[in-house]
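Chains here go by letter, A, B, C and D, matching the order in which they are written, and residues are numbered from 1 within each.
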Amino acid sequence: MDAPLFGVLTQLGDDSLILGQRLCEWCGHAPTIEVDLSLSNLALDLIGQATLLLDYAGVVEGAGRDADRLAFHRSAEAFRNCLLAEQPNGDFAQTIVRHFFYATYAAALFEELVHSSDRRLSEIAAKAAKELRYHAEYAADWVVRLGDGTEESNARMRDALAWHWRFVDDLFLDDADWVACAERGLVPLRQALRPAFGDIVATVLGRAGLDVPGKVWPIMGGRSGRHSEHLSTLLAIMQVLPRAHPQAAW
Amino acid sequence: MDAPLFGVLTQLGDDSLILGQRLCEWCGHAPTIEVDLSLSNLALDLIGQATLLLDYAGVVEGAGRDADRLAFHRSAEAFRNCLLAEQPNGDFAQTIVRHFFYATYAAALFEELVHSSDRRLSEIAAKAAKELRYHAEYAADWVVRLGDGTEESNARMRDALAWHWRFVDDLFLDDADWVACAERGLVPLRQALRPAFGDIVATVLGRAGLDVPGKVWPIMGGRSGRHSEHLSTLLAIMQVLPRAHPQAAW
Amino acid sequence: AGLLAAFEARVAADEFIEPNDWMPEAYRRTLVRQISQHAHSEIVGMLPEGNWLTRAPSLKRKAILLAKVQDEGGHGLYLYCAAETLGTSREDMIDALHSGRAKYSTIFNYPTLNWADIGAIGWLVDGAAIMNQVPLQRTSYGPYARAMVRVCKEESFHQRQGYDLLLALVNGLPEQKAMAQDALNRWWWPALMMFGPPDDNSPNSAQSIRWRIKRETNDELRQKFVDATVPQAELLGLAIPDPDLRWNEEGGHYDFGAIQWDEFYAAVRGEGPTARERITARRAAWDEGAWVRDAATAHEAKRAALAAA
Amino acid sequence: AGLLAAFEARVAADEFIEPNDWMPEAYRRTLVRQISQHAHSEIVGMLPEGNWLTRAPSLKRKAILLAKVQDEGGHGLYLYCAAETLGTSREDMIDALHSGRAKYSTIFNYPTLNWADIGAIGWLVDGAAIMNQVPLQRTSYGPYARAMVRVCKEESFHQRQGYDLLLALVNGLPEQKAMAQDALNRWWWPALMMFGPPDDNSPNSAQSIRWRIKRETNDELRQKFVDATVPQAELLGLAIPDPDLRWNEEGGHYDFGAIQWDEFYAAVRGEGPTARERITARRAAWDEGAWVRDAATAHEAKRAALAAA
C-alpha cells in the first residue's frame, strides 16, 4: 500500500465528509428557505467529493474497503479531518465562518491538485475545485453581509471568528504523509497556500468591518486523529445504522 | 420462556433505563449545583432499578442475555418503555413535569408490586418503591415551586404540562402482556392506579396554581415498540460503544 | 355578475386564469389557502426526512436524500411564489403557519422511526402526493398549474427512489426486511388519509371541482392510489396492514377497510403524534434566524444607500 | 503587628485558624483564591466526565460514573461553603469563574476522546489531585482542612475505580487496550502539569508554605506522583509517553523528561483545547437556569409572606 497517498486521500476525504455531515444537520432549520437550500447544496458537493476521495483511498489501500466502509466503520481516532471541519454548527455565524475558512483553503488547494501528477486525484480535483470556488464566494458574501449587517450580527461574527481562528494552523498542517506526497509532486504543500489565504481573509474581513483575529495558541491534532470532543458524537449518529447492522447493504 | 413476564419486566426496566439516561444528559448543566446533584441521584436510582429489572428479564427469557445485553443491543422497536420516559429534557420545567408524572405513577405501581406473587419482583419493588416515593415528592415540590414562582416559570410549566399530558394514557396502558401477568397476580392493573394518580396531579397542580390539562388526543405506542423520533437518537448515543465493539467486556 | 359568468365560462373551457385576471374572492381565498398549505407541507415535510439525513447508512443514500429534501424546499419556494401572485406575502403565510392558522398535510405529523420510513415516504407519501397533484397540472390557476408540472416531475423521481430504497431492504437481511414491513404498517393508513375526508364529508369539494381547483374527488383519488399501490407492495413482498383489502372483480378495483377518521381529524386539529415537534422546529428555525434576516436587510440597505450616494 | 505575630505562631504550631479568628488580609485573599479555584475545578471537572456519562458502555460503569460525578459536585459545594466562611459569596465566586477572573485546574480544558479517558482521569487526574490534597488535610485554615479530609477519602475511591476501568480495558480486546494507551498518551503530561509551575517559577509558594496553606512544593509533589504512578502503569502494561523516563538509582526516584511549559501557560491563559467549550457550557447552564433560581426565590418569598401573615 502507498501509505502516504492513503493518508493524503483520507485527510481530504474526511474533511469533505465531516463538514458535509455537519451541514446536513441544518436541514429544515436554516434562517430562510433559500439558505436551507444553499446549505444542502454545499453539503451535497462535499458528500460527493468525500465519496470520490474515499473510494480512491480504498483502492490505494487495497484491502477491499470502499468509501462507505471508510466512512461508517472507522472510529474517531482513525479520522484525519482537520479540527475545523468537525466544529459544531453553532449559530449561522459559526457555520459561515467555519465554511469561509475551509472553502477558502480548499478551493486554493484543489485548484493546485488539478495539476497533481496523480491522474485520478487530478480528475477529482477538477470537479471539486469548481464547486469549492463557489463555496468560498458564497461564504465570503455572507461574511460581509453579517459583519456589515447589524450590531448583533457583527458581535456574533466576532465570536465565530474567535472560535474558529484557533483551528487554522491545524487546517494548514503538512504532516509526514502530506510532505512525502508533496515531494512526489502529488500535492502542494499546504503551507505554501497560507499567504494567499491570509490575503483573502484580510480582504473579506476588511469589507465586513471585522478585524483579523490576533495570534492565539493553536489547537492541533486532527491530521493525527487527536480530535475535539465533537467528532465522536457526530460519528455516533452518522454511523449508527452500519454499526448496528455490519453485514447489511443499503 | 414466560413471555408475558418477560414483557412486563422489560416494560418496567426500559422505563427506568430510558428515563435514567435522559437525566444523565443534565449532568453539569443544571440550574444550580444542588439540582445537578439531585438529578444525578434520581438517575442513579433509575439505572439501579433498570439493572435489577433487566437482569431478571434476561433470566426469565433464558437466552443468556443480561441487563447490559438488553440495554445496549436492542434497537428502538424492541424497547417497551412508555413514550413519556423518552421525551427530551427540554428546559427544567419539562424535565420536572415528566418526572412528576412518571414518579407519581411509578411510586404507586412499585408499592403495589411489593405484594407481587413473584418473589424476585417483589424484592426489587421494595427497594424501588422507597426511591420512587422520594422522586415523586421531589418532583412535586418543584412543580409547586415553579408553578407558583414567577410568571415566566408558570408559563413554562403550562407548556411542559401541555407537552407531556398527551403521554399519560400511554403510561397507564395495560397491554396484553401486562393483563396476562395481572391475571396471575404478578402485577396490578395500571388502570387501577389511575384515579389516585389523577387525585395527586390535581392536588399538586392546585397548590402550584396550575390547571389540570383538558382532554387531548392521546399519543400511544411505547409498550408495543412504536416510539417517538426521540428514542432512536437517544439509543444511538447510549449504545455507541457496545455496538462498535460487540465482543468487548467493559 | 357578468365578470363572474365570464370567469366561470373560461374555467369551464379549461383556460388558465392569470394573476391579473379578474377572479371571485372565494376563488382567490381558496387558492391562497390551498397553495400556501401545499407550500407549508413541503417545508414541514423536510423535517421527518431530515431526521434521517444525518443517519443515512451509505454515502449514496445520503446524497439522494439530501437532493430530495432540497427539491422539497424548492417546491416550497415556487409554491410560495405562486401564492404571492394572489396578493399575499411570504411572511404572512409563514406567520399563519407558525400561529396555527394555516394547516399543512397531516402526514408530516407522523414520526420517522427507522430508515425504511424514508423509503416509505418516497413510495407512499410522494406517491399519494402525485395522485393528488397530477390533475393539478391542469388546474385553472396558471401559476399553480405551472408549478405543479415541475413538482410532479420531481415527485415521480422521488417515488422511484423511495421504492428503490425499499427494494434494497427487502432484498437484504431479515432485520432490514422487517424495517420495511414496519414502515409500511405505520405509513399505509396515514397515506390513505392524505386524500382528505370522504366525499360525503368534504364540503368545499363541489365548488373546487367546478372551479377546476380540484379535478377529482378525494375518494376517487384514494381509490386510484390503492389500486396502483397494492401490486407494488406485492412486488416488494410486503403485506399491506389491512385485513379487509381484497380485489373486487366486478368493480375492477381493490376494496379496502375502514379508515380511522377520528385519528385523521385529530391530526387536522394539530394533535398528530409529532405535530408539536414539527411546529416547534419551524418556529425555532424562524426565530433563531431572525438576526440573520435582519442583518441581510441592514446590509442591503447600506449597500443601496452607498450606491445611491 | 502583635496580631500577626500571634497568628504566625499559631500557624507554625500547626493550630487551625477558624473563620472568626483574626487573619492577615493576604492570607484570606490567598485562601479565597485557592479554595474557590478548587471549587470551580470540581464543578468544571464534571463536564469532561459528563461527556461520557450518556455513552458509558455498561450499566455498572454508568452508575459508577454517575456517583463519581455527583461526588465532584458535592466537593464543589463544600468548598464553596468553606470559601464563604472567609466572607465571599457563592454568586461572586461563580461570577468570577464565568467572567474569566477566577481560574480552575487547567486539566479540565483537555478533551475526553474515548472511554478510557474516564479511567485515565480517575487514575491520573484524581491521583494527582490526591497528592496535592493529602497535605491540605493539615492546612492551617480549619474549614478547608476539614473539607479536604472528606474530599481525599472520596478521591482515593475514584482513583481506584479509574484504575479498575483501565484494568478491564487492558485485559480486553486489542482495540480496548489501544484506547487505554491512547488515553495515557494524552493525559500523562497534562497530569504532571497539575502540580503547577516549577518551584523556581512559583512566586507565591514560599509564603503559602510558611502559612501552611501549602505544605510541599510543586516539584516535590510532582516527583512523588511520578514515583507512585510509574509502577502502576507497568502493572497495566501501558507505556508512559516519555522517552526520558528512567529510574534514578542514587536518588531513589524516577527522572523524567522536560514539561512543555508553554502549553501549560497557554492553558492557564484559558487557551487550552476545550477551554471555550467548558466555560461556554458553565455560562449556559447558569444563564438558562436563571429563571429556575428566580422562581424558587419568588416562591420562597411568597411562602414566607404567607407564614408571616
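FYI, a contact is a pair of C-beta atoms (placed from the backbone, for glycine too) under 8 Å apart; a residue touches a chain by one contact, two chains touch by 3 or more.
Remember, predicted model here, so these are calculated numbers, not experimental data.
Most remote chain relative to subunit D, going by C-alpha centroids?
So the chain farthest away from subunit D turns out to be C.
Higher C-beta contact count, A-C or B-C?
Pair with the higher count of C-beta contacts: A-C.
CA centre of subunit C versus CA centre of subunit D: separation in Å?
Here subunit C and subunit D have centroids separated by 56 Å.
I'd like to verify one number: the distance from the centre of subunit B to the centre of subunit D, where each centre is the average of its C-alpha atoms, in whole angstrom.
35
Enumerate the residues of subunit C that touch no fewer than two other chains.
Answer for subunit C, listing residues that touch two or more other chains: 55, 175.
Subunit A: which residues touch two or more other chains?
75, 232, 236-237, 240
What pattern do the touching chains form: line, ring, star, complete or other?
Its topology fits none of the listed shapes; call it other.
Across the complex, what residues on subunit D touch subunit B?
Residue list for subunit D touching subunit B: 43, 46-47, 50, 53-55, 57-63, 66-67, 69-70, 73-74, 76-77, 80, 115, 168-169, 172-173, 175-176, 281, 284-286, 288-299, 302.
What residues of subunit B sit close enough to touch subunit D in their complex?
For subunit B paired with subunit D, touching residues are 17, 21, 24-25, 27-37, 40-41, 43-44, 47-48, 50-51, 54, 67-68, 71-72, 91-92, 144-146, 148-150, 152-153, 156, 237-238, 240-242, 245, 247-250.
So in the complex, the part of subunit C that touches subunit B is made up of which residues?
Against subunit B, subunit C makes touches at 48, 51, 55, 111-114, 175, 182, 186, 263, 266, 269, 271, 273-274, 276-277.
For subunit A, which residues count as touching subunit B in their complex?
75, 232-233, 236-237, 239-240, 243-244
Taking the touch rule as given, give the residues of subunit B at its contact with subunit C in the complex, in rising order.
Residue positions touching the partner: 75-77, 163, 166, 216-217, 219, 221, 226-229, 232, 236.
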